[in-house]
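Given below, in the form of structure tokens, are the structures.
You will see chain A twice below: alongside chain B first, and alongside chain C after that.
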Partner chain A sequence: MSLLRYSAWRVTQALPVLVGIIAITFFLANQIPGDPVEIMLGPTPAQEQVEAIQAKYGLDRPAHERFITYLTGVATGDLGTSIYYDRPVLEMIILRLPVTLVLMLSAFAFAIITAIPLGVISAKRRNEPADHVSRIVSLIGVSTPSFWIGLVLIIVFAFHLGWFPARGLVLPWADPADVRGAATRFEVLRQAAHHLFLPMIALGTLQMAQITRIERSSMVDSLQGEYVKLARAYGVPESTIVRKHAFQVAQLPVITIVGLGLSTALGGAVLTETVFEIQGMGRLIITAINNQDYELIMGTTFMFGVAYVVGVIITDIAYAYLDPRVTYGDE
Partner chain B sequence: MALGNTDTDDVPAEGADGPDEGAGEVEARVGMRYTLAQVKRDTTARIGIYIVGFITAVALFASIDYYILDYAIAEAILYDPESDPDTVRRLLPPFGMENQFGQGVLEHPLGTDHRGRDIFTRLLYGTRVAMTVGFMATTIGLVGGTLIGAVSGYYGGWIDDVLQRATETVYAIPFLVLVIAFMTAFGRDLRFAMIGVGITAIPVFNRLIRSRVVSIREEDYIEAARAAGVKDRNIILRHIIPNSFAPVLVQATLQVGVSILIVAGLSFLGFGAQPPTPSWGQMLSVSRGYMLPAPTFSVWPGLAILITVVGFNILGDGLQDALDPRINN
Partner chain C sequence: MTEPLLSVENLKTQFFTEDGTVRAVDGISFDVHEGEIVGLVGESGAGKSVATSSILRLVESPGEVVDGEITFKGETLFGLEEGPDGEPQPSEEMLSEEEMRDDIRGNEIAIIFQDPMESLNPVFTVGGQLREFIELNRDLSTKEAEQEAIDMLREVGIPDPENRYDEYPHQFSGGMRQRVLIAMALACQPDLIIADEPTTALDVTVEGQILELVEELQEKYGTAFIWVTHDMSVVAEICDRVNVMYLGEIIEQADVDDLFYDTKHPYTQALLDSMPRPDETVEELNPIKGVMPEAINPPSGCRFHSRCPEAREVCTRVHPEPRTVAEGAVADADAPTEAAVADAATDDGERPHTVACVKYDAFDVGYDSSEPLETEATGGFSAGLTDTGGEADD
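Then we have the complex of A and B:
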């Protein structure tokens, strides 16, 4: 099977999971106590108004019928209408998703760029001081709540030192006219980086720590491999062994852990967005919940699931692409 | 090798623990007594035990005071915010520091919160919520995941397919989002936080147990038990699950830490322990409003979470090292 066909097969495999996600979110949304109509119209609405709203949002029909309608809606790209914002759910998601994606991507970039050297050094100098430092850093990293890192960063770097802004985010592709204090594209980019720095560290630290741990143990394994011993016996310089022989093989488990870390990071985005008052998907779901906006709750939960599934598919395909041993399942 | 009878689990037996074990005679790596003996030899695991033990003791003390004495100890010895409303000192800094609200005093070593309550005492009492939630959520995940994983791996076929697709689906929704949605539907208090976080832990234990079961299922002694007419349920409960003890114990220890982190996050967002119950996440949530005038208020609850989770993580890592035959030998 070619890589392309493997990718297509992997996407098809994800479809039942997506339907499952919709079923779970639909079930949970239906359990939410309280009447959405009451929230919209107040405690004593006129009967005609209630009926009109119920008909508009399909609330007068039985649950299984609404589920089928919702499912076909999702299949055609219709996630319903947000009661709170009075706009299509999909429109709200398209507005907010890029913010969360920028945050996630920068957090993972930060995590990977710092974790790989840390892990490699740690493995190369096993049980030396550098290794101990790197292990302590990663232990603290996996044990610290991301939102607390955010609070401490704000206190130190925003309030005390005044180096970075404490809240908000500027998207790199924003129109300079819409960004306060920015006249050119370059200034927009500078502001984007400036705003992104603290949230990126808050969200990325856990991933950094997890990747460092797996990078270390994976490199330790790979440095003990037969091929490394052989290369040493041939007199290949140690730096070449680490760079060319051990490193590449050791990256496969790292990809897996990046894929698994997506779930934590997407959840962490909700917290990071709260701490830094960033208007992304995380804030959207909290707003939806606080206003009992059913369709928006379902839509955002579903999109979080989709983001995770897409992320896992991408890491699976990257794995298959990088690992010559993977046979794409049919040989 | 795995033993046929769980009653003799801590008696050394010969053979290999799992399929990846090398040849030669090794002790049976199952059973509580063996585990304890191994852990005592491992320095990291010991430090983990000290931290976890200390926090558990504090949590027990706080629970007794809360359930039996209705905070009598806290108010009599440690502090009483309502003793004199006129002299309540809000947002005091830690002892030896100064801020706009005054000078830190020794009776409030870590300072006071926005209502003048002693932060140190609230941190101590916050252990109760953290530990209860950590242990309960892990237990729910452990029991649920073990049952699903064991049944799924033992029977295989369509049962396996259905159960595995279902847990995969649960796992596909980022767990903080799933728990928030779950709590919105059923209730925002601590009970549902525990259940919600427990549900998100089910796939983790399911995967672990299932892979063990699949590898143990074909072992000779299971065949023998089946041929002797032992019921499936007894084979799973008496042979397969006890033989997965070591990796499950490691995972459960780590999971307590993870659960504490998730619940702290939930409380920070307003889901979980409701005021006035002291919980670290909720303290952090409140402290957000006073980051500028009283920055140290935000520091302590986070440190408490950090130390607790570090304790569980090094205990888990230490257990893993102690119980992993490959590292041991």
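Then we have the complex of A and C:
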């Protein structure tokens, strides 16, 4: 099976998972005590008003019927209408998703760019001072919650030093006319980077620490491999051994961690967005839950599910691509 | 007789561990001449592999080559001289790490490791790995190196080498991988190949095929080999000259026929007795009693005395250096080994049979008048895996 067919097959396999996610979220959301209509209309609404709104959002029909309607909707790209915002859920997601994606991608870029050299140096200089420093940094990184890091960063770099803004985010592709104090595209980009810096570190630190740890232990293993000894015995320069022979084998476990990290980072994004007051998916899901906005809860959770599944699929495909021993499941 | 290709003199490699200094290789000397296969035999832990990595200066920390001299084709791979502070320091002639890497490893001395399953990198194609090492060690373009790799794969008996070139190690069987590693070593056109137990991980039929292949290729290319093994039958099959190691020392050194038919050292004898032979019928094999003591705290005197069936009291006191003992050879009791070797190796090309055992007259330390010693081998201790460490301290 070719890599392309393997990828297609993995995507197909993911469909039942997504249906499962929808089903569980749907019934869980319906079990939350309280009523969105009550939240909308206050504690003592008129009966006609309640019925009108229930009819509008289809809440007067039994759950299983609504579930079927919802599923068909999802299949045709309709995620329903948000009760709270009174706008299509999909529209809300399209508005917010890029914000979260920018935050996550920059956090991962930060994590990978710092973690891989750190882990490699750590492994190469095992039990030397550089290794100890990198291990302590990564230990602190994995054991500190991202919201706390975010708060500390705000207090130090935004409040006391005033180097970075404490809240909000500017999207790099925003129209310069919409961004305060930015006249050109370059200005927008500068502001985007400026705003992104602290949340990126808050969200990326945990990933960075985890990747460093895995990178280190994996490199330590592969540097002791027989193939590394063989390469040395054939006069391969040490730098080539580290960069090529040991490195490539060592990346396999790292890829797994990065792939799984995508899902934990989503959770982290919810907290980070709250701390930095960023209007992304994380804030959207919190608003949805607070207002018992069924459609929005399901829509956002579904998107998180999709992101998780995509993360896993990317991991699998990367693995199959990098490790010749992984067969494409045709045995 | 011509200059040896490789000459190892009094090589000492030690590992500095928390429990103390492990004298893994403790003053061994041997030569390898052009085109011959020299065996390095001994039990696990005798220091065979450490000796070979010392030759390439690839001993990993906490290990270190601490003494001795290794010369290869006139180049000093390792050598010490007295520094200004009286401490030994690397001699001026000793090759730098860069010279070792660029000029010696791979292109002059290649190595074949024990475990073919682990020696190839799982994420690169077999051909790619071969090509990389060929390119690195020979002045060939990528295209030429690729062709050479394919030719070499064919040479070592891998069918359909053009297609196998692009396959990954996991698609090869153990025997095939070992063939790849042999191809790798030969393709770099070295003068010496160190084969570190290359057939130990293979099953016997495959081992036979590999030995046959090596003999055939050795004849064709004239490459010298150091063949590290614990298997006396492999030694008998392919070696020209044999060094028997015990606890970091070479205790017997002889041409292969002399070693088998005129065995001198009790340890060598014991090794041979513990192996079934097609030319001798025995009721029961006679394994060597006990286990080899730790090299961290070797027994006093002769290191083998704790397991030796012929041990006497003098063996616990006198540490024998190898001396020439074979009949006809110059056996000057007082002359150091090197001199004896030089004398004996002059005209006819016959090399001496040296042994490190005080029971021979060449040593003259009163073995005959000494009291026999009770050891595990003589029945004084219960046979089996008893700890010989305590006894070694006596």
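Definition applied: the second predicted complex is superposed on the first by the 330 of 331 C-alpha atoms of A that agree within 3 Å, B and C clash if a C-alpha of one lies under 4 Å from a C-alpha of the other, contacts with A are read in each partner's own complex, and residues count from 1 in each chain.
Operating definition for what follows: a residue touches a chain if its C-beta (ideal position, glycine included) is under 8 Å from a C-beta of that chain, and two chains touch if they have at least 3 such contacts.
All of these numbers come straight from a predicted model, not from anything done at the bench.
Trainee: According to the contact criterion defined above, which of chain B and chain C contacts more residues of chain A?
Mentor: Chain A has more residues touched by B than by the other partner.
Trainee: Between chain B and chain C, whom does A:Ile155 touch in the aligned arrangement: first, second, both, or neither?
Mentor: It touches chain B, and chain C stays clear.
Trainee: According to the stated criteria, A:Pro129 is in contact with first (chain B), second (chain C), both, or neither; which is it?
Mentor: So A:Pro129 meets neither chain B nor chain C here.
Trainee: Where does A:Gln248 make contact in the superposed view: on chain B (first), on chain C (second), on both, or on neither?
Mentor: Touch status of A:Gln248: second partner only.
Trainee: Output check: A:Thr25 vs chain B and chain C. Expected answer is one of first, second, both, neither. What do you get?
Mentor: Only chain B; A:Thr25 stays clear of chain C.
Trainee: For A:Pro62, is the partner it touches chain B (first), chain C (second), both, or none of the two (neither)?
Mentor: In the superposition, A:Pro62 touches no partner, neither chain B nor chain C.
Trainee: Just chain B (first), just chain C (second), both, or neither: which does A:Pro237 touch?
Mentor: The answer is second: A:Pro237 touches chain C but not chain B.
Trainee: Going by the contact rule set out at the top, does A:Lys229 touch chain B (first), chain C (second), both, or neither?
Mentor: Only chain C is touched by A:Lys229; chain B is not.
Trainee: Could you please specify the touching residues of chain C with respect to chain A in the complex?
Mentor: Residue positions touching the partner: 56, 58, 100-102, 104-107, 110-111, 113, 115, 118-125, 132-133, 136-137, 168, 170, 181, 184, 188.
Trainee: Taking the touch rule as given, give the residues of chain A at its contact with chain B in the complex, in rising order.
Mentor: 16-17, 20-21, 23-25, 28-32, 139-140, 142-148, 151-152, 154-155, 159-160, 262-264, 266-268, 270-271, 274-275, 285-286, 289, 297, 300-301, 304-305, 307-309, 312
Trainee: Under the touch definition given earlier, write down the residues of chain B that touch chain A in their complex.
Mentor: 165-166, 168-178, 180-182, 184-186, 257, 261-262, 264-265, 268-269, 281, 284, 287-288, 291-292, 295, 298-299, 301-302, 305-306, 309-310, 313-314
Trainee: Which stretch or stretches of chain A touch chain C in the complex?
Mentor: Touching chain C: residues 225-227, 229-237, 245, 248-249, 322-325 of chain A.
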